[in-house]
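In order of appearance the chains are A, B and C, and numbering begins at 1 in each one.
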């Protein structure tokens, strides 16, 4: 009797449960028509790849690895990477492009942050990682021990950092390195300061208070921005270079890129720094390089990366860059964030090795770089850099 | 508003005068008029008008009541106004939160959203959606499945352990072990969620090899966060079961374990169910521990014991903070809000189920 | 020191004879209950070992290597201040409101309405903190910014309200308010359940003696529910202390300042959430050590609450 009451009252529970089961059976991947030849049925393949987690068994991928690009459809399995959140949007574009070429492949990327990415790569938890800073010596040796061969840093993502400001009536703003450092150092506190006026002879500057906005989280964007200030204006910017904004400076802070943009939009007189792709149609400052002022652009950002020397004292095939922050060369935009993809030069596991090799090759290819530029607004790497990266990738030993 | 019967103006030694039932209403209208007048003097704004009206009413009604009905009634009326006021004040932010979730969430919420994953969706599609009005593609199916499976697993781990522990603490516990458990459950409520995630990640690295991430690891991390909430809330609920009930059961010769199962738990079941719902609600929105343990993917995975799994909060966080397309964040934001709405709906359904279970098993009481 | 026994005294009163002949069902059940408790201890021991071993390098490191360059203590105390300030603001705002709503639902509102309301309140506990964060930035901060300016103008002589008020409204007070809204449903849900469990006879007895509704609540409902209320407040406080994303998103973080209405300050949990992903090496250890400090704070608060409840346990229903 008691049971029957329970049964009657629990009937709606069963209905909800049944609804959940129905939902469980009918999900699928989106059919985005344009570049995904395979659609609809990917769910079953997904589940298939879950069961066959141990993809090391598949022998035919070895042969495919040799003839490079001409092997569409032969790869399968899943590949996991982790690291910098700065390149997340670009990585998603690469993953999408790569997965459309190889429908049986699933690539995942956990945007946990550069530090987490490097740590997991050096401990062997993920076969590739994204990071805003190249591995340091200690990490290189840890990675070498884990890979069985040296690891390499590949600069595959270039993101110019824009300086958006909110000052109605001032449509274009030019800031030299010392002025920019002075503003973020809170030494220049009003928009009609003589230093700003000197950089902008034509602009009508109001006497609004300057509110500099910085990232409240530790980030590669902050580190690269501060690195630029310290290199281009060493006399004004005397703070330590780190991914954390100097704690003795007050100013407004926002979490992540949207937080900074939100703060910039919220009040007049604000100025911040964000990934250029996110700046959208906000007014941004042109940065003083040598005698001219340069607006950010993909070409200008790629130019400074191309003109930057490799870090000295590293292995021959390592492509870690010493960015030329204090460049005076015309047409170079010096505030850029370069995010590396870190891979081993040898993989014991064939399936993983082939996946990493093919994925990185796709990323470095024209197609991959263009996909990231379209989707995430990054600057494609130069053809010279592409060749260098491809040489390194070809040397990866698999199996 | 609180007056029940009105026996107006009949003075005797035993009964006190009572306000006529329309007096508070009249006072409220008067307070409104006064509030409008005052705020008009200062510079009219709606919040100012509302605040003044309520404050004037809260002062005037007890005074009037104190004069007519005496001090005790006046205090009662004052508290009644306060309780209603607390309710209305609290309603403002709560309604505003719900409003923003529903208002923002509905624009991308659809059957398509619930049944497609984000596989191969990039910022390019978002730009087309925003600029050319192409339909929004990509949904939260993978994250929805991940959240349902991981949370179900976490609940399956934490509810038995948590409930049994609270039974132990209330019905059996005494001596050093019980004190230690009480103490350490309190300690557990203070574990920062990321620490729980890192702990679970480290545990799985030791047990199943470095880099093991799957839904189950996420469930273990959530359990660490969930168990103390289940224990604390069910402990409170078990403790307020009147002892008379226990004694009555003993007097009938019922064994203790049956007494607990048939008397104590059914009596407290509505509170326990509400506590479990709260515990689930507490963990269902966790982001950081899940990324560390369950990974991050845009493809569907329905096996919690192998491969990376997405979850709704990670989906919301990632799309809201790092939109797929930096220049056109709106489609990503729409998806994030829709996923938040989905999360709320899930918890709503869970809550409903918990209530139905509670109703089915709870004994009939006066309420 | 820790917590006094919470066992209902009835167990001491129970006839001794019962224990001598333990039934198998009883034995299994009590074993299962104890095992569950022991599992918790094991898990916690694991977490503790992990936490301490990861935090240790931060305590041992040379003080110049810790962020700020003056050792771990000077790094962590502003964060402790921020954590306590935000949680305290949240509690001060949320507790009276939550008790008000709980009373409204249990004793004031019409029955049908109260069920519906209880449902809505439970729902609110489920909204992910990211949403509260977004709501805090987009809705709350602009709406309360004026109030902070007013505070700075009129009460600026109090260090907590010293100007200038933040231009965007993303301050400690705002973060505290967001936290208050977040913990409101938790405290309400627990208190409501406890209020509803008040023995009907107690209430009716009070009313029969001529008590007004408030006197009835004060004499029977509140004393009966006090341990539960405190338990609910502690659950809420636990969430307020440990909340990461909402604070991280709403607060314009910065160095230490007494003022709660200008940008600055940070909480431990938000600092961990903001800095952990990009951290490496000693910074990671420092952040985990900060987590350990948060742990200790929560512990202290909970012990205090247990102590308060145990002093009042004569009102507990299990007596």
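In this text, contacts are C-beta pairs under 8 Å (C-beta built on N, C-alpha and C of every residue); 3 or more make two chains touch, one makes a residue touch a chain.
Because the structure is a prediction, the values reported are computed rather than measured.
Asks: Taking each chain's centre as the mean of its Cα atoms, which chain lies farthest from chain B?
Replies: Result for max centroid distance from chain B is chain A.
Asks: Looking at A-C and B-C, which one has the bigger number of contacting C-beta pairs?
Replies: Greater number of contacting C-beta pairs: B-C.
Asks: Using mean C-alpha positions as chain centres, tell me how far chain A is from chain C in Å, no decimals.
Replies: Chain centroid spacing, chain A to chain C, equals 37 Å.
Asks: Can you give the whole-Å distance between the Cα centres of chain B and chain C?
Replies: 14
Asks: So which stretches of chain A touch two or more other chains?
Replies: Residues 85, 112, 116, 255, 259 of chain A touch two or more partner chains.
Asks: Can you tell me which residues of chain C touch two or more of the remaining chains?
Replies: 273, 276, in rising order.
Asks: If I count partner chains per residue in chain B, which residues reach a count of at least 2?
Replies: In chain B, residues 320 touch at least two other chains, as defined above.
Asks: Taking the touch rule as given, give the residues of chain C at its contact with chain A in the complex, in rising order.
Replies: Within the complex, chain C contacts chain A at residues 67-68, 137, 142, 166-168, 170, 248-249, 251-255, 257, 263-264, 266, 273-280, 283-284.
Asks: Note which residues of chain A are touching chain C in the complex, please.
Replies: 85, 112-116, 118-119, 132, 211, 216-220, 243-244, 247-255, 259, 262-263, 266-267
Asks: Give every residue of chain C touching chain B within the complex, in rising order.
Replies: 2-3, 5-8, 10-11, 14, 23, 25-26, 28-30, 32-41, 43-44, 46-47, 50-51, 54, 96-101, 103-104, 108, 119-132, 134-135, 138-140, 177, 181, 184-186, 189-190, 193-194, 196-197, 199-200, 212-215, 217, 224-225, 227-228, 231-232, 234-235, 238-239, 241-242, 244-245, 268-269, 272-273, 276, 288, 291, 294-299, 302-303, 306, 316-319
Asks: Given the complex with chain B, which residues does chain A contribute to the contact?
Replies: By the definition above, chain A touches chain B via 5-6, 9-10, 12-13, 16, 20, 23-24, 26-32, 35-36, 42-43, 46-47, 49-51, 53, 78, 80, 85, 88-89, 92-93, 95-97, 99-100, 106, 108-112, 116, 120, 123-126, 255-259, 275-280, 371, 374-377.
Asks: State the interface residues of chain B toward chain A in the complex, per the touch definition above.
Replies: 112, 114-127, 137-139, 141-142, 144-145, 148, 205, 210-211, 213, 291-292, 295-303, 306-308, 318, 320-327, 329, 349, 352-353, 356-357, 359-361
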